[in-house]
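Below is one structure, written out as structure tokens; the observations come after it.
Chain nomenclature is as follows: A, B and C, assigned in order of appearance, with residue numbering initiated at 1 for each chain independently.
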Amino acid sequence: MDIFLTRLISGMTAGSVYAMIALALVVVFRSSATINFAQGEFALFTTYVSWWLTQHGWNIWLTLVPALGLGFVMCAVAERFLIRPVRKRDETAVLIVALALFTGLNGLAGWIWGSDDKVYPRLVPIGDDSFLALGGARLYYDSIFVVLSLVLVVGALSLVLNKTGLGLQMRAVATNPESASLCGIKVGRIFMISWGLAGVIGSLAAAILVPVLPPGQLGLPGMFHMLIFGTVAALLGGLDSVKGAVVGGLSLGVGLAMINGYGSFFGGSISLTVALVVIVVVLGLKPNGLFGSRRLERV
Amino acid sequence: MTTVQSPTPTPTPERPARPAARSGPRVVVRGSGAHRAAQAVVLVLLAAVVIWGGSLDPFGQGQLTRAAIFALAIMGLNFTTGYVGLLSVGHSAFLGLGAYTTGILVVNYNQTAISTIPWAMLVCFLVGLLVGIPALRIRGLYLAMVTLALGVAFPEVVARLDGLTGGAEGMTIRRTLLRPPDWSGFTLGEKDAWLYWLTIVLLVVTFVVVRNVISSRYGLAMHAVRQDEVAASASGINVAAIKLVSFGVSGAITGLAGSLFAMYIGSLFAEGSFTVLAGITLLIGLVLGGERTLAGPIIGGLAVVLIPYYTSGIGQGQASAVLFAVVLIAVIFLAPEGVAGGVARLARRWVVVVDKRPESIGRGR
Amino acid sequence: MSALLEARGLSAGYGQAHVLHGVDLTIEPGQVVVVLGANGAGKTTLMRSLAGLLPYDGELRVDGETVGAVRPDQMVARGVSLVPQGRGTLTALSVTDNLRTGAVGRRDASGVQEDIDRWFTTFPRLAERRHQVAGTLSGGEQQMLAIARALMSRPRLLLCDEISLGLAPVIVQGLFETIRGINEEMGTALLLVEQNAALAMGIASYVYLLEVGRVVQSGAAESFAQSDSIRRVYLGY
């Protein structure tokens, strides 16, 4: 029982992170109907900036301000000047630009800060006794913090989408960019803002996940698997659905924790293979995902 | 939209492609003496480069071998991603599959290295067919995700099957097992030179085969499927068969490259050589060299091997990644048809090759 | 005194396919103009160009001022609003949100709410379904919503592309009465593209006849309706 609880907790923790990355992808997909494969590397870059500032004596919480701001600016600028000009051509061109950003940002981070792993401080410091005993399992405070952050992000995003004028415009563009433009919406501006918001969410997710998930340090290859899991989570939930991203992320996190925990006969971790199976099954059976309404493929 | 008849679509906003209005370009008729002579010059130049490569020091030759292997792998990718438009990010899996097929057959089953090539190609062809199945229903980014997952899962699967593959420890092919066959005349000490020539020969053969396929009816059907599946199937093209077979053939070509790669590198680490990052590298090479061009994969192969080597001293070894990004974006914005296509376009300002019969279906480039 | 909207030598198309070839067209404030033409004459292309959805060659002026960028939001800001063919409602949004979206360019929150109430009065069936998602409405209701949404920006010119398409005659009749009322009460100019020429001519004061991308004839509606050939081809009597 306590082993089950322990796995459930670690699954929820990882799942919350996947869900946050999935949210970033969903926000982009809702506006420009594409997957930003460079989302993880944008986040990686801003997390390096945050780490670099802590090396200069900044408080870790304080570094989030410029880091998240940079995430917004970088993604918005990338959308405006790199993605939008090639959008009309075809999706291959968009994908290639995203892959270029992917390699470029990763390389740039390595160029500036070196390829050795960095110790990134925890946002919530924990000691040996910073946990709640829960039926024999240990619920560490940082797990609570990760889940709470997800709740906060989802809450804020839902609030923006459903209660503000900007959100109304974002929902209109998500439904049909052309009709939205006929309503007088500056669609390009909404694209930029959406990408920027995704950049903020992604940067926040990265800052939270680096100390919590293995390997626990900030390294160049760190975000790639997170992006894969985030993508699978978003696809599972439905690429245009906020609710889907959350459900997809949490079920993926818990599912992987259980499979890797109990499925020891597989001999070690098979997370990525499971991700492959999930992608193929979702695409085969329910291409819209669990809660999505729009397919990735544009006819 | 470009029409199906034109294998090299040149997006010209205003006027049709033939720049007859300008005084500049010389018109050369395909198959004429001048055209033949030009072709001969190019062939001689290429032969000279190849022979020069054969006389290089072992390290330089090794780099050329590596570039040729990547050119082959990219050629395979071009076959499906370029010509049929089925985007694949995970071709690293085929590279790895070919490499491990050769590795396993040589190490565990005592086969000679060269005899494993057909098996590597066959295995990759079959897996390619399998991967092609999702492509029947989906395309674009969706397909990219399936292939991404394939590329991501491959190293993990290899690690799981450790009885066969050596798992995470990797697999080492002893040098003596890679002895050149007796009939080749190469000794064990000349293994690297043997591999160089073997790779060049296979690259040339594949090049010729791909060239002929692309200009055949089958190639025309591939173009048609890329541009408009509905119209293609309405014209009597079996779209499903085209997609499946081209994915299979694509896998087989990249698998061939993988097999050669195993012989080249001698020790296989799935986590090192065959991650999805390698798949992305192949895609970068293709786009940079030029999709749907014959020379593109060769340029791409040279680029993805030589650029990282020559820039390894700059920017803590990360300069090549940044450079690739910049070049890639420049290519997408300035020359969407890649370096090969861009050069061809520039060349058309000076020389235009036309078919003898203007009404014939265009096979030229 | 300049015209509300003036097109001079308007040419447009899709890639290599040129559809419009130098169309001249003028709409005065408050005027009701109808464009007639067979399928493929370029009517929808014309409407899409005027709404800023399609790039064009030639000149487009609103209130005598040349329109620079080809952008729908700028045309809306200048007071030109399109009801596109095939409705173009925001299907995933509620009816109320559709109307609110139509008013994104406006700053007067209370005026927006007044207008929403006003269109709910005009179209009671929309009021009943105000919380429903637009995609679940019937074709007629979606068309009402599309018109109301376009009016939410308080346009001075409403472009209507085939609003009768696929709707029952009784509903079409109602829609035309509504837009005529809007024209009379609010002075909103109308540019109608219609298959149902008889109905459109009934409320129009000026007619353009479009054939393969060119204006071949234009004139006051009365004189048009009297022309035998026009009557035979477009009015069917």
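Heads up, the rule we're going with is that a residue touches a chain if its C-beta (ideal position, glycine included) is under 8 Å from a C-beta of that chain, and two chains touch if they have at least 3 such contacts.
Source: prediction; values computed, not measured.
Asks: Classify the chain contact graph as line, ring, star, complete or other.
Replies: line
Asks: By CA centroids, point me to the most central chain in this structure.
Replies: A
Asks: As a quick test, compute the distance in whole Å between the mean CA positions of subunit A and subunit C.
Replies: 43
Asks: How far is the middle of subunit B from the middle of subunit C, if each middle is the mean of its Cα atoms, in Å?
Replies: 52
Asks: I'd like the Å distance between the centres of subunit A and subunit B, where a centre is the mean of that chain's Cα atoms.
Replies: Roughly 33 Å, centre to centre.
Asks: Could you please specify the touching residues of subunit B with respect to subunit A in the complex?
Replies: Those in contact with subunit A are residues 85, 87, 89, 134, 137-142, 144-146, 148-150, 152-153, 156-157, 159-160, 162, 277, 280, 283-284, 287, 315-322, 324-326, 328-329, 332-333, 336.
Asks: Using the touch rule from the top, collect the residues of subunit C that touch subunit A in their complex.
Replies: Subunit C residues touching subunit A: 51-53, 71-73, 76-77, 81-82, 84, 88-93, 97, 100-102, 104-105, 149-150, 152-153.
Asks: Which subunit A residues qualify as touching subunit B in the complex?
Replies: Residues of subunit A touching subunit B: 34-35, 82, 85-86, 89, 91-93, 95-97, 99-111, 114-115, 224-225, 228, 231-232, 235, 266-273, 275-276, 279-280, 283-284, 287, 295-298.
Asks: Over in the complex, which subunit A residues touch subunit C? Could you list them?
Replies: 165, 168-169, 171-172, 174-176, 178-187, 293
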